[in-house]
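See structure below.
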Amino acid sequence: MRDFRWLFLLVSAAVVFALLAPQQQPGTPEDAVKQVYDTIESLPEGSAILLAMDYDPQAKAELEPTSIALVRHALRRNLRVIGMTFWFTGNDFANVLFEQVGSEFPDKVWGRDYVYLGFQPGGMAQVITGMGENIARTFPQDYRNRATAGMPIFQQVQSLKDIAYLIDLAAGDSFVGWIVYGGDKYAVKMAVGCTAVSGPDMFVRLDAKQINGLIAGLRGAADYESLIGIPGLGTSGMFAQSIIHAMIVLSVILGNGLYFWRKRKKHQEA
Amino acid sequence: MRTIKLTIPLLLAFLFGIFGIAIQYTAHPFSSDTKELISQWSIIIGGITWVLGTYSLMHLHVGKMKRREEGWGYSIFFFFGFGIVALASVHNGGRWFWNPNVAKGTLYQWLYEALFVSAGATMFSLLGFFIASAAVRTFRARTVEGTLLLLAAIVVMLGRVPLGEMISGYLPRVSDWLMRVPNTAARRAILLGVSLGGIALSLRIIFGIERTYLGGRD
Amino acid sequence: MAESRRRDILILLGCVAMLFVANFVLFAAQTFPLRSAGMPDWWKTSIIIAGVVMTVAMFSFLYKDNPFFRAAENLFVGLGLGVSLNVEWFNFFKPHVYDILVAPVFDPTVDVQKAELVRLVPIALGILLVMRISRKYGWVSRYTMGMLVGFWAGFAVQPEIHSNILIHLGATITPTPMPWIAWASLGAVAVLLCVTAYYAPKGGRLALGLKIASGAAALGYIILRAVPALQASEAWAEAFNSLDRLVIIVGVLSVLFYFFFSLEHKGAVGAISRLGIIFLMVAFGASFGYTVMARESLVVGRFQFLLGDWLQLL
């Protein structure tokens, strides 16, 4: 069996080189990403947005830069941000993210301007339906076990119908549940931030206008960071991404070239 | 006995299934209140079923250790990991578990960020190396269809990174078109088919034709 | 065998030594401990060092399956179960059960609300479900399963039909206004494709020529579609948009034909199915490209941690 460890070393070396190289210019932001940005820009101050942080450490590299950029943008626009998750493994660092980004805005208060509710078991259809009727009763306490019923943020936001924009940051297929039981059912404007693996599936939803924007993978994160003017991990990772892609494409072309050359040689010998 | 063990559960599935369909078409406040109640109850039931998953995993590792299977010693790390996080959760930064979640600066937080997040992120990043080797090893343009797949992959891979834009402004635009048109068409057809299958499965469950979810032999 | 084992031990010792040296250099250069408001932040420093050890243990699998990787892997699974316990308690049991039904029993100042006693019903149903563990009494779990699965299966029917079928049918069949010249070009290409489909199974030079012509027509459209000047023009944009919608309709129908195995894929059905395969290949190729991007992003993320958070080089 051939040894591909040389390829692993090559990929690692390429990534190290690309990360240490001087910062490259990001590409032109994709239209689908711009749509999310424009929607948030157009929301009146005080509107509530819901961020479903449906990812875990495995997808951190792709979705954390997007999450940070979105929370920053929303708080900068004086929107109210509500976070929750269906992935218990990502529950704790989603809270850390909310607290860290929230602390960048000293005038924003937990429970009034932003809150992270945590995780609820039971299934997506069940929890989203509950949120569609009453968010505070579905999440009686936030992540830190403070009662949600008395929180100022939930005086204006009773259910999903009061949410101006819902963004699902999806490492898996949670966006299906959000679209089917949330966005379409309660007529909530929706967007999705997803790992690049789910990206191709999202274009169907985009075309059917079930979502009005899409932030797919690290490229999407880099685009969003460039739109809000705060470069982060997304932007810094794009050059490395370019190098690896070029390496893989060249290897595939080379591999195919060798394959056809050997095939022709065998044919000629025969 | 069969009535109690099988017929009544199937009857319940049928009655609740019809109720589930009917409630979607009722605009009465009763519908809204019932949906909320059933959601709450489902959340509580779902939370309790955590016990099943935990029991299953524990049973697997205990069995492995009892039977001294290959690699049984590593199960000690499993129990150690579980034990230390459980203890940290119970301790809750000194405030104990019956008080609100302290979250910040606790042993639990340390274990989560230092070990769990790093291990999880790295485990999936291994796939990046393997997919690179898979692409190099197996991606061959043996047939017309295979060549199409290969070309689409190359265009999309280059079109989505700044390098593609540097090579040619056409790459990102062609990549975008491939995603918005032929990809959308194919995936929409798959979605329609899968959804029809899902609805058929729902109806089979309601009418008692599909029983595997009940478990057991009969 | 001995040679390989010696090499593995040397590599292991080399990695451990590199880790030690790197951390020593970081401490010596006063990069570590990290500082927060001027004070040493041992919390964050220890998290990073422990994270690096776990990362290296996991990455060691790339060299070879080894005890450190397997230990780290099992530790990770155990940690995950512990995390689930923590989340279940603080996010579910405590707010939904303990604080409402149990804590008031120990706190004389708080009463258990009578309305909340109804929660005992789902708790009982949940306990019935957990009985699945028992071989003798596992059948009682069927009551809860029947109610739960039955209700949500029924509940899913309407949203599925609406969100996953009707909306998408509506999005597929949309108006396609185009100037007559676009319709004429489309007609010509349609004729070409039909003739190609007819002659393709026969083989020969004519079939090959027609296939090449069809491919060239498709490629020509894709490239024309990407010309910026044409995209900026309103008339061209409308025509392209309409053509794209027609391509989507044809694509959806042909892929549905491909997956309909009750009809033999011969003749016209076979030709439409082959067109469906072309759309599927493009979709899967795009999927592969995006999957590569996703996985490589995770690699980039890990190296950002190692080079940035640990070695402080970024």
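To keep things simple, chains are lettered A, B and C as they appear, and every chain counts its residues starting from 1.
Note that contacts are C-beta pairs under 8 Å (C-beta built on N, C-alpha and C of every residue); 3 or more make two chains touch, one makes a residue touch a chain.
Nothing here was measured: the structure is a model prediction, and the numbers come from that model.
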{"item": "Middle chain, criterion being Cα centroid separation", "value": "C"}
{"item": "Chain at maximum distance from chain A, centres defined as averaged CA atoms", "value": "B"}
{"item": "Chain-chain pair with the highest tally of contacting C-beta pairs", "value": "B-C"}
{"item": "Whole-Å gap separating chain B and chain C, where each centre is the average of the chain's CA atoms", "value": "10"}
{"item": "Approximate Å spacing (C-alpha centroids) for the pair chain A, chain B", "value": "17"}
{"item": "Inter-chain centre distance, chain A versus chain C - centres from mean C-alpha coordinates, in Å", "value": "11"}
{"item": "Multi-chain contact residues (two or more partners), chain A", "value": "8, 11, 58-61, 89, 92, 120-121, 123, 126, 129, 141, 143, 145, 196, 199-200, 204, 207-208, 217, 219, 241, 244-245, 248"}
{"item": "For chain B, residues contacting two or more additional chains", "value": "38, 40, 42-45, 47, 49-50, 100-101, 112-113, 116-121, 123-125, 128-129, 132, 135, 150, 154, 157, 160-161, 179-180, 183-184, 187-188, 191"}
{"item": "In chain C, residues with contacts to at least two other chains", "value": "62, 80, 83-84, 86, 88, 90, 92, 94, 96, 152, 155-156, 159-160, 164, 168, 171, 248, 283, 286-287, 290-293, 296-299, 301-302"}
{"item": "List of chain A residues in touch with chain B within their complex", "value": "2, 4, 7-8, 11, 24-28, 30-31, 56-61, 89, 92-93, 95-96, 99, 120-123, 126-127, 129-130, 132-134, 137-138, 141, 143-146, 196, 199-201, 203-204, 206-208, 217, 219, 238-239, 241-249, 251-253, 255-256, 259"}
{"item": "Complex contact set, residues of chain A against chain C", "value": "5, 8, 11-12, 15-16, 19-20, 58-62, 88-89, 91-92, 118-121, 123, 125-126, 129, 139-141, 143, 145, 179-181, 184-185, 195-197, 199-200, 204, 207-210, 216-219, 233, 236-237, 240-241, 244-245, 248"}
{"item": "For the chain C and chain B complex, residues of the former touching the latter", "value": "43, 46-48, 50-52, 54-55, 57-59, 61-62, 67, 70-86, 88-90, 92-94, 96-98, 103, 119, 121-123, 125-127, 129-130, 132-133, 138-139, 141-161, 164-165, 168-169, 171-172, 222-223, 225-226, 228, 231, 244, 247-253, 255-256, 259, 276-293, 295-299, 301-302, 305"}
{"item": "Residue numbers on chain C that touch chain A, as the complex places them", "value": "62-63, 80, 83-84, 86-88, 90-92, 94-96, 99, 152, 155-156, 159-160, 162-164, 167-168, 170-171, 248, 283, 286-287, 290-294, 296-304, 307-308, 313-314"}
{"item": "Complex contacts: residues of chain B adjacent to chain A", "value": "32, 35-36, 38-40, 42-47, 49-50, 99-101, 103-104, 109, 112-113, 116-121, 123-125, 128-129, 132-133, 135-137, 139-141, 150, 154, 157-158, 160-165, 172, 176, 179-180, 183-184, 187-188, 191"}
